[in-house]
Amino acid sequence: MSYEVKINDRISTIEVLSRDGSAFQIAIDKKVYELDIAEVEQGVYSILLNNKSYNIELVEGKNSKSYTVNTLYETFGVEIIDAEAKYLMSRKKDDGEDANTIASPMPGKVVKILFKEGDAVKAGETVIVVSAMKMESEYKVKQDRVIKRILVKEGDTVNGDQPMVIIE
Amino acid sequence: MIKKVLVANRGEIAIRVMRSCREMGLQTVAVYSEADRKSMHVRYADDAYPIGPAPSADSYLRMDRILEAAKLSGADAIHPGYGFLSENARFAELCQQEGIIFIGPSPYAISTMGDKITARKTMIAAGVPVVPGTTEPIRDIKKAIQVIKEIGLPVMIKASAGGGGKGMRLVKHEEDIVNAVSGARSEAKSAFGDDAVYIEKYIQSPHHIEFQILGDQHGNIVHLFERECSVQRRHQKVVEETPSPIMTPKVRMEMGAAAVAAAKAVNYYGAGTIEFIVDDNLNYYFLEMNTRLQVEHPITERVVGVDLVKQQINIANGLPLAFKQEDLRQFGHAIEVRIYAEDPDNNFMPSPGIIKHITEPLGLGVRHDGYAYVGYEIPIYYDPMISKLIVWAETRQEAIARLKRALYAYKITGVKTSIPYLHRILEVPDFVEGRYTTHFIEENQEYLQPRVNCTDSCMDVAAITAFVDYITKLEKLQPDKAHKHLGNNWKDLGRKRSVLRY
Amino acid sequence: MIKKVLVANRGEIAIRVMRSCREMGLQTVAVYSEADRKSMHVRYADDAYPIGPAPSADSYLRMDRILEAAKLSGADAIHPGYGFLSENARFAELCQQEGIIFIGPSPYAISTMGDKITARKTMIAAGVPVVPGTTEPIRDIKKAIQVIKEIGLPVMIKASAGGGGKGMRLVKHEEDIVNAVSGARSEAKSAFGDDAVYIEKYIQSPHHIEFQILGDQHGNIVHLFERECSVQRRHQKVVEETPSPIMTPKVRMEMGAAAVAAAKAVNYYGAGTIEFIVDDNLNYYFLEMNTRLQVEHPITERVVGVDLVKQQINIANGLPLAFKQEDLRQFGHAIEVRIYAEDPDNNFMPSPGIIKHITEPLGLGVRHDGYAYVGYEIPIYYDPMISKLIVWAETRQEAIARLKRALYAYKITGVKTSIPYLHRILEVPDFVEGRYTTHFIEENQEYLQPRVNCTDSCMDVAAITAFVDYITKLEKLQPDKAHKHLGNNWKDLGRKRSVLRY
Amino acid sequence: MSYEVKINDRISTIEVLSRDGSAFQIAIDKKVYELDIAEVEQGVYSILLNNKSYNIELVEGKNSKSYTVNTLYETFGVEIIDAEAKYLMSRKKDDGEDANTIASPMPGKVVKILFKEGDAVKAGETVIVVSAMKMESEYKVKQDRVIKRILVKEGDTVNGDQPMVIIE
């Protein structure tokens, strides 16, 4: 059975053709690879492909199907796409809910909230300021919007990707 | 003699100080904020005292609580590290009052050098060169022209009330003086409501070069040569090396003497650093003095062969310096890079988080000063520096090769780090050839962009690895389903797979 | 010029060699046995080739498979590391035949020095002192007495056919000679059926001191001073240091010259080591030559400032040495200890297993050459050495303090290690004072016993920690049961406990 | 509720009196300790007791109740004794089965087996030789015995504490 994987923006089909212990034969978009794949540390793999030694680190993303993959100098986002993921992806395109949420990409502390629920905000205005590691980041709106809900208060510690403000 | 040292700091520097204490047979005391209970300095110390909530103002800057911890623990000395209270004259004074040795210079030296204008005046009086310029605002065009002729072109005209580049004019040619002064004044007037300007010598191709000094309490002061710190991003040092690739023996001797004179001017004792701004012709000007240990002190330790923290402690004990200027020499070349928890490919956004793996670079010529460990969560409250990597080799070229080798093997997952960015810096031709100024990073943006070296097959390998991890997890959770999907050989997986689980 | 190097070895030395290759811009090829698929050298190399089952005889000693891997990978040179094929003249010869550069000496030098009797004769011819003694068996008492008078007392009489101490007599006084020879002969006769004996000068208070040499293919040979390796357990070196605490500048110069003469006698090129046995009066005698890199080479690298692997590669490339004897000097003091996976408190029983944690000692003056990582299973098939810890400081005293500090922070769990034993060695008065011989370990058994420093409360803390871990696990598995047992505050545990899980 | 713990050969009673987050009050043989206990890495604890910093490493033994505990310079065996453990301990004393098994304390490879099932062995004779890391260990009997069963064969790889030969 084949799966689809999304690597950055590329979507490929992938399939295990055979395996014997750590030796795999895997097809990706019809190209066949023979690899020796060994997990050496938790989430760290040693791959031998045509006797070349690759070290790959996996960091699990928001769910078990999403990974950040580090090779020697590069980082890729990889998502395994199964039926559930496909459904979510199609839904996401429709309602575009993400764009209505202001979230900090990193953990930090809410320093300042400049509006309250119901306020109208002009394009380019800063809504919320978050500080982490001696650096402050301002989160602005790109178009005129209205503050629908504020989910945090000043002084709160937030996690990475945690929604802070919902706008409409 | 000091028997027990409280280190009023955290992170790598707290551990670095405690290491030297341990080698000297001294007991160590850690202080920690609520965010740092699991931090390595608490684990490394003999004793540990909580001093308050996570924000620095409530803990690492709380002089009262730190002094209380010193008294409770029986510490007879406090080492402030760098940052936090290290250049706080009041804290040094309080330690004195409480009968605790402050491992650092006198409160007088800290406060004199801490005030830029006083420091500048003290240096002028001591005959140490400073950047030529006016110290009083100028409101008169004739006066301005006269001053510019005294200083000599090029000069920078700056609005007195200014900031953000408004009212600034660079003047290179004599015929532009009048226009530039007038322009700067009118722009200053409209921006700040005040047309007063300063005039300062403009240093073309500036280099940031600093000299390490050590002084004892008996009036002996030596310098331990220079450190080249021109690779800076937003005034933050990124790479430091010694010797400086642009230095000559003659200028080194002169600048060293100037650094010693600067320190003598404030009866300095302890470890300190005199920062100079240096132009391409090796004209040098006093910039400021740091009255503490620097982040980049290890490159000096390596090339000169002196443990600076031990020297600090010996000096605080009232011992005379064990060496004279003529005993000191530089041997080989050392480079330091700072590893930050930040995302260099995303505007250097800080990247706090939990360390999932760490593979430290080891081997010949590599020193690694850090404090992170697997499972440690880098807190959001403090500086994002994770560690410092210091390499030494016989020559600069070999040191660069060794640093690249060390960075190649240095792996941290869980947080983004500046490691890939540092790699790129080491390959910029201006850096490789040793001709770079403080404009290095802005001038080399193109070289410093993330590069895509990856071929299609490398992308495929990344995808395949994630996929194999996924199906392995799946098989663990739903053994039947996995088997069904994956054919006959799949069963071998369960038998042969990793025995590494524990 | 060499472009791609196959390293015919495993463990720390494979990685150490690859590091220098990487710094020189050379590609690296690993070979690995079935037991080593996950070993660090496979992960570190650019290419990796399997060469057979776990036992060395079926993999790392298989010349044919290693040469095949070299050809398949396009490697133009092979570095043998130490052990395995590193002193195999046949392998060096095969490499030559296959047109692959063997990074090491000529087959002639290897085989001459590999045979103890030939080596001894060659050294005598070259004027290098050897331990005085007979080379032919003696069956006649008069002849024996004559030889003993020539050699001078004390001497050791050994059965020619002997072993296990049978037929051995130490003679210190002239009046004992006749009895001793007769006794040894009759004991030899009854034990081995042959009364022939050898007579050898007995070296009292023997020190094992070796000299590192480097020779190029143009006849230039230099020495890089001595290493003191007298701390040995069952002829296995445990601690090495340089300079030797008993060395004088005069004897160092003489022995260095003898080492160079020894190497010249076999037209030596590459890195090599001349081992001497030295008595308390600094009389020195050639023992043997190791025609390869030594395990303890890093202490020389640190004190002399030379990368020996890079030198080996340059020499193999046919380059002349870049320095002369007078360019080399010793700076400061370096000590190496070897960390073994063994249980020092249980008769040094090997302790293979899975590494659960590793905290590597870092900071000023510490070099760490290892290959283990968290999750790695140390295999049962090979040498139990996990890593080498090398420290440098300005003085011997400071180097010992630094080594203790580094060992304090060095934690490995999952396998037992020699770390606690090494700690104890560093505190034995004879070691601290630098007066020790190869009898050091047997003479200091008392000091080297495990000590119980632990108070009752320290035992209590150990028990409490295990208990808390246990009830925490219990609570996870059976939340209801745990709560019931542990009172009201227990619920907080679930809420506040570690956020470090991932 | 209190437990018993065995530390090396000492048996103590232990009880959690109270806890607040990482702050514990624990009694061991009636002596009361107030400690701050934090698991910093998996199985590695940082303990603060009267402001002294202790680092304790735990390695789980053959079951979840048995630990090897490493402090700075010492190693202790610790066992948590509950009803099940008590039962097993009492049983062990009765039949002394362990003494009838030859096991290698470390992983290794069986090099030689010198007897076969049913053979009589004299006191001091070597029954089996195991090699690990270039070192061979010989396992002997202390009294005259008979080989009951041999559970391994030459060339086998054995784990630590794996029974190899049963004697009677």
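Labels for the chains are A, B, C and D, by order of writing; each one numbers its residues from 1.
We take it that a residue touches a chain if its C-beta (ideal position, glycine included) is under 8 Å from a C-beta of that chain, and two chains touch if they have at least 3 such contacts.
None of these values were measured; they are calculated from a predicted model.
Participant: Farthest from chain D by Cα centre, which chain is it? Let me know.
Facilitator: In terms of C-alpha centroids, the chain at the greatest distance from chain D is B.
Participant: Quick check: more C-beta contact pairs at B-D or at A-B?
Facilitator: A-B
Participant: As a quick test, compute the distance in whole Å between the mean CA positions of chain A and chain D.
Facilitator: Whole-Å distance between the two chain centres: 45.
Participant: From the C-alpha centre of chain B to that of chain D, how far is it in Å?
Facilitator: 49
Participant: Please work out the Cα centroid separation of chain A and chain B, and write it as a whole number of Å.
Facilitator: 32
Participant: Roughly how far is chain B from chain C, centre to centre by C-alpha average, rounded to an integer in Å?
Facilitator: Roughly 39 Å, centre to centre.
Participant: Find every residue in chain C that makes contact with two or more other chains and list them.
Facilitator: 38, 44, 356-357, 373-376, 408, 414, 500
Participant: Hey, what residues on chain A touch two or more of the other chains?
Facilitator: 22, 38, 40-42, 55
Participant: Can you name the residues of chain A that touch chain B in the complex?
Facilitator: These residues of chain A touch chain B: 1, 3, 5, 7-8, 10, 12, 14, 16, 18-22, 24, 26, 28, 31, 33, 35, 37-45, 47, 49, 54-59, 64-65, 67, 69-76, 78, 80, 105-109, 131-135, 137, 157, 160.
Participant: If you look only at chain B, which of its residues touch chain A in the complex?
Facilitator: Touching chain A: residues 341-342, 345-346, 349-353, 356-357, 380-384, 408, 411, 413-414, 420, 423, 451-454, 457-473, 485-487, 489-490, 492-493, 496-498, 500 of chain B.
Participant: Mind pulling up the chain A residues that touch chain C in the complex?
Facilitator: Checking each residue of chain A against chain C gives 22, 36, 38, 40-42, 46, 48, 51-53, 55.
Participant: In their shared complex, at which residues does chain C touch chain A?
Facilitator: Its residues touching chain A are 30, 37-38, 42-49, 72-73, 373-376.
Participant: Sort out for me which residues of chain C touch chain B in the complex.
Facilitator: 15-16, 19-20, 22-25, 38, 44, 298, 301, 305-307, 331-332, 354, 356-357, 359-360, 362-370, 373-377, 393-394, 398, 401-402, 404-405, 408-409, 414, 499-500, 502
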